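Heads up, there are several structures right after this.
Shared chain: subunit A. Partners: subunit B in the first complex, subunit C in the second.
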Partner chain A sequence: MPIIWTKYFMNWPAAPNAVNKLIDMKQILIFIRKEFAHVLRDRKTLLILFGMPIVQILIFGFALTSEVKDARIVIMDQAKDAASKQIISKIAASNYFEIDKTVRNSQEMKEALKQGEIRLAVIFPANFYDDLVHQNEARIQIIADAIDPNNATTLTSYINSIVQDYQMDFNKTNNIPYRITPELRFLYNPELKGAPNYVPGVMALVLMLVCVMMTAVSIVKEKETGTMEILLVSPFSPFKVIIAKAVPYLLLSLINVVSILLLSVFVLDLPINGSVLLLFAESILFIITCLTIGIFISVKTNTMQVAMLISLMGMMLPTILFSGFMFPIENMPVPLQIISNIIPAKWYYIMVKDIMIKGLGFGAIWKETLILAAITMVMLIISLKSFKIRLS
Partner chain B sequence: MSEAVIKTEKLTKRFGDFIAANEITFEVDKGEIFGFLGANGAGKTTAMRMLCGLSTPSSGKATIAGFDVYKQTEQIKKSIGYMSQKFSLYEDLTVLENIKFFGGIYGLTNQQIKTKSEELINHLGLQQEAKKLVVSLPLGWKQKLSFSAAILHEPKIVFLDEPTGGVDPVTRRQFWDLIYDAADRGVTIFVTTHYMDEAEYCNRISIMVDGVIKALDTPRNLKDTFHANNMDEVFYELARGAKRGE
Partner chain C sequence: MRTIKFLLQKEFRQIFRNKAILAMAIVVPVVQLLVLPLAANYEVKSVSVAVIDNDHSSYSQKLINKVTSSGYFKLTGYDFSFKQAYQLIESDRADLILEIPQGFERNLVRENGQKLFVAVNAINGTKANLGSVYLLNVIQDFNSDVRLQFIQPGALNWQPTIDVASSNWYNPLLNYHVFMVPGILAILVTMIGGFLTALNIVKEKEVGTIEQINVTPIKKYHFILGKLIPFWILGNVVFTLGLIVAWLVYGITPVGNLFLMYGFIAVYLLAVLGFGLLISTFCDSQQQAMFVMFFFVMIFVLMGGLFTSIDSMPNWAKVVARFNPVSYLIEVMRMIMLKGSGFKNIAPQLGYITLFALVFNSLAIYNYKKTS
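The block that comes next holds the complex of A and B.
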């Protein structure tokens, strides 16, 4: 009994502490409610917050896709034999091409390409079928408008696969194997759809922008209007200000994740192959990373414009350049490859791709998770420290 | 018998070689309206920040409502109210929401907040505007509301940093009525201002020049000492020797 008594006695200061904590929680909730009021009353913020992800997904998913449909091409058929006609009808039947016209000579072809609306020309030399049958090898010339190199590559690969398709049919009916070229296979994205690449990229980009910019701006706004001073003089501690600022944007960003995923599943026909739970867990980690960066920016800046500019320039550009979703990192010079490692979006992008498209589990991405968590910790320590330095 | 709620002794703040506030010593009594005057750059804001617990003094002593400015800043923050020269309520919240928010972060209960806000709205005659966004109120109203929010949690002392900047004389007069009300209820008022007519409303004033308190007395005594007709002349007499400007 006496032991229990002392224990009870020793513990009693814990009771008022718990009451204090309760008041703390209430204060934070009041603050969070206020933050929501700010966001929900500002139509512009709302529009940016929820409109941007939708617009970006649709733009990246449809407009900026590398998938090409109905590219206008011209055909110069000098052979006019069975083989060339069959290939031409195959091309005409595909969704990718629309045969604009058939030209008779190279002069006409050049003119057509110069107009700029023709993306590609396919030329069958005379004796196409004869060459194929008698010499076991025939040639097709493909001339692509390479002003847009990606587009040109995509289109030539489409033509290539149509020709191979024909070749296979041809070899089936004839027992002697004619020229066999290595088969091109597009893993995970056999139709060369744009969406698989863009959805994870847009997710990283949108979360980065929303979290970093919104948090930074909302804190700097309090500095600019003078309310921050009032908060600092009040018993509400700066640490709580940060928590109360971060929570609403974490929740709002999760709504963004949901809306992006819904769009990608139902509008872009891109299923989530892996665990949705894991995807959300990694997203929360990435959102927290972004929030800490936003807080850091808000500590270092004093006006909303500067905060917004730094968030946009400092976050969007590196994210687009170094996350690997627009430009392959493997092709960059080594120094840039090294720099790309400190871009949080890179790791998130890799993880989302692995979970969503390849359907991999945590075992495959624990390394990336660890790296992202480490970046978050470092950012958190730096921003909390600089927040304190500013106060004294 | 009066009790001092603000006590400072040789309070000093240095930023490197620069001494922003140099050995400031004064006392302010409970319920007193204390005017804290000085030209721009004289060190008023620095001194005030130290008293509010926002900035740690380099040396000297000070207690606010009996709490030490070095060790007990948390208790100080609970016992004071603060209103800055910038208008500092949330413009995109309604009058009521602002009151709720500031009451909330000072830890008032819902019941307290409810009675307080009714009281305040009736007192200021804001019944019509209670549910309107603050942004739609005229500046004079905003200032009054700001002040009322600063004393919502019944602080012992309220610090006002140039509270009437940019406000017309009539509204200023009304604002001072609120200040007198609060002082009558025993709230100590610590106010900085650039308006010398406002200085006359204070019980006592101090005039700071180049980080040092050059004069401290009632307005009447100051005028007598400097053989001046009004506070303008007193202030000019003291401040023209200032080396620091903006």
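The block that comes next holds the complex of A and C.
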């Protein structure tokens, strides 16, 4: 009758309630200190934990831009006349393109496109200028490497507008009638910088993966190294074990939040438009959600390798994709849109964007907050239910 | 040779014994390849537009029709005030505002010119950029329609015009899966290969069995080879499964030579596995190895040209990308699978990868100490 024995021990000695609680608190604090010691001992992991968000913010902030520029192209100029040369020099002068070389025939052009670095070929047929002047119509052909469809579309439209520009210069004498000029304004992010989109995304991504990975290993490690037995015979309820495992990582993750925010404000020039306090409150909620997911994995698995595979291999790409900061969720097929709802990073990303960039208040994000809280509760309850208090 | 044979026997036995890991290593990539390309879709087909129509003329109606019938845009509604439309953008229910000013039709006809206002939610730069490019194209189309109404087309154009004809090669339907599938497969193969090897040696360290190996007369390179070969085979299996998924589900069959692709993967896996081994020689625990691997994989993925093109990165980032083996694999996969590039085209990439493989593996052998 082992279960009766443990129950008996957990209630013993039958001290007054207040004293019991005090002992409880003290126990938890000691246990938390033990977990902290484990974390702080492993210097290499710590370095990665704190270094990673910094490196990623810098990569995202500076290296990844959504604007298209410096695309390498080839020119096949069979006309070699005034008009084609002027258009080519206009293309060369723009930021979007970098003329890699000029090719003489279509064979060479095909070869160039196959090399993989050339995104586009512009072809001027012979007699380009003559056609333009005498027949009032000349043709240019663009061949785009459309493996990246959006890049191809954007580049084609840039060439198009350069040609339009030239045409306007050419026709300066006669005014073009019935002309609509669209005036474009970019809200929130006029320079189309990557940072306003990516900083909230990276916060969601890094916090999620780091928290899940850290806690996913924590309990299964005790199982594998055998120290779980010691925990099980101690008068510690599963709930306390989970709390003690989670607290150190909560604090570490908060340091990460601070460093990400400092970097984004001072290095990326991305101010926090909304309430900093609200942002921190939501961050704590999100971190707790992720920690409970990690604990859930840890309780459910039996070896560290499996826990790691699930939390890294299984979570990384889905988190990147389903949080919505790389690819719009509304473009996904409906079943995937539904799946994306259970990814906490999605909700956190929305909240950070709303608070940081748009400067909105709690009124705009209460729904997301509730969803995160619900996910946390569900994960916690399942983890507690499936926490085995006996060996095998 | 005999030593390696026995080592391999041991490794394979260990791999097959742990069914959970084997299943993970094979099922996770296949499932992700099935699902993720569907999610990673940037085809512009549902940019939501809020129209502020201050003109209420037949022309403004025509323009709105043109925008909605283009297939790229979803009309959130028209007849908003600017404030209402702005709120729609704030709550993410609209991506673009198209404002048609009062007197649009009259000015266009009488004064030969008129402005239109387009405001774009630019937090997500890619989406903003694409949405605006498409909208401007539609407006331009509409403009030439209007012009045609007023100017009788003669035998010749009324003034010199340049006609730009564009064609899209390798992916004529602009299908986004074609772009994503080879790239995602490249990442999955990298993660499986590198991650499993990194964990494997560290596990021997953590459990202590590495000491037993160290006291035997097994040579360093025997040990490393014994670790490499099983995961090399596993990597090839995952890659083959990925190709089958790409073919059956997405209808993507390699245009180029399949043998060339396997040849490249063979060398590439050596490089990635070598990287995993190198990391494992530095780490003392599996947790450490996992975090270090995570750090690098993350950078490899983001700087590999899978989601955003390397062309647009600043120069320092391009230099970093040169040291990223994943960027070569993604590039070569796209080249061989989609463009049918031959050996001559991929020779430089193959050269770099061979170099990576040599450097990583020799560092790993050098750094693996038999005495502690």
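Operating definition for what follows: the second predicted complex is superposed on the first by the 258 of 392 C-alpha atoms of A that agree within 3 Å, B and C clash if a C-alpha of one lies under 4 Å from a C-alpha of the other, contacts with A are read in each partner's own complex, and residues count from 1 in each chain.
Just so it is clear, a residue touches a chain if its C-beta (ideal position, glycine included) is under 8 Å from a C-beta of that chain, and two chains touch if they have at least 3 such contacts.
Since we're looking at a predicted model, the values are computed, not measured.
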Which superposed partner A:K90 touches (first subunit B, second subunit C, both, neither):
neither
Per the contact definition in the header, classify A:F31: touching subunit B only (first), subunit C only (second), both, or neither.
first
What is the contact status of A:D42 with respect to subunit B (first) and subunit C (second): first, second, both, or neither?
both
First (subunit B), second (subunit C), both or neither: which does A:P318 touch?
second
On the A-aligned overlay, A:V233 touches which partner chain: subunit B = first, subunit C = second, or both, or neither?
first
Let me test your reading of the model: by the given contact rule, A:K300 touches which partner, first (subunit B), second (subunit C), both or neither?
neither
Which partner, subunit B or subunit C, touches the larger number of subunit A residues?
C
Jot down the residues of subunit A that show up as touching in both complexes, subunit B in one and subunit C in the other.
42
Touching residues of subunit A toward subunit C in the complex: what are they?
42, 44-45, 48-49, 51-52, 55-56, 59-60, 62-72, 111, 113-116, 119, 132-133, 135-154, 156-157, 159-160, 163, 166-167, 170-171, 174-190, 192-194, 196-197, 209, 213, 217, 221, 301-306, 308-310, 312-314, 316-318, 320-322, 325-328, 330-333, 336, 340, 350, 353, 357-358, 360, 364
In the complex, go through subunit B and note every residue touching subunit A.
52-56, 74, 77-78, 80, 82-93, 97, 100-102, 104-107, 159
Which of the residues in subunit C come into contact with subunit A in the complex?
18, 20-21, 24-25, 28-29, 32, 35-36, 38-46, 89-92, 108-109, 112-130, 132-137, 139, 142-143, 146-147, 150-151, 156-172, 174-176, 178-179, 184, 187-188, 191-192, 195, 199, 203, 282-288, 290-295, 297-299, 301-303, 307-309, 311-314, 316-317, 320, 331-332, 334-335, 338-342, 345-346
Contacts from subunit A onto subunit B in the complex sit at residues 23, 26-27, 30-31, 34, 37-38, 41-42, 225-227, 229-236, 391-392
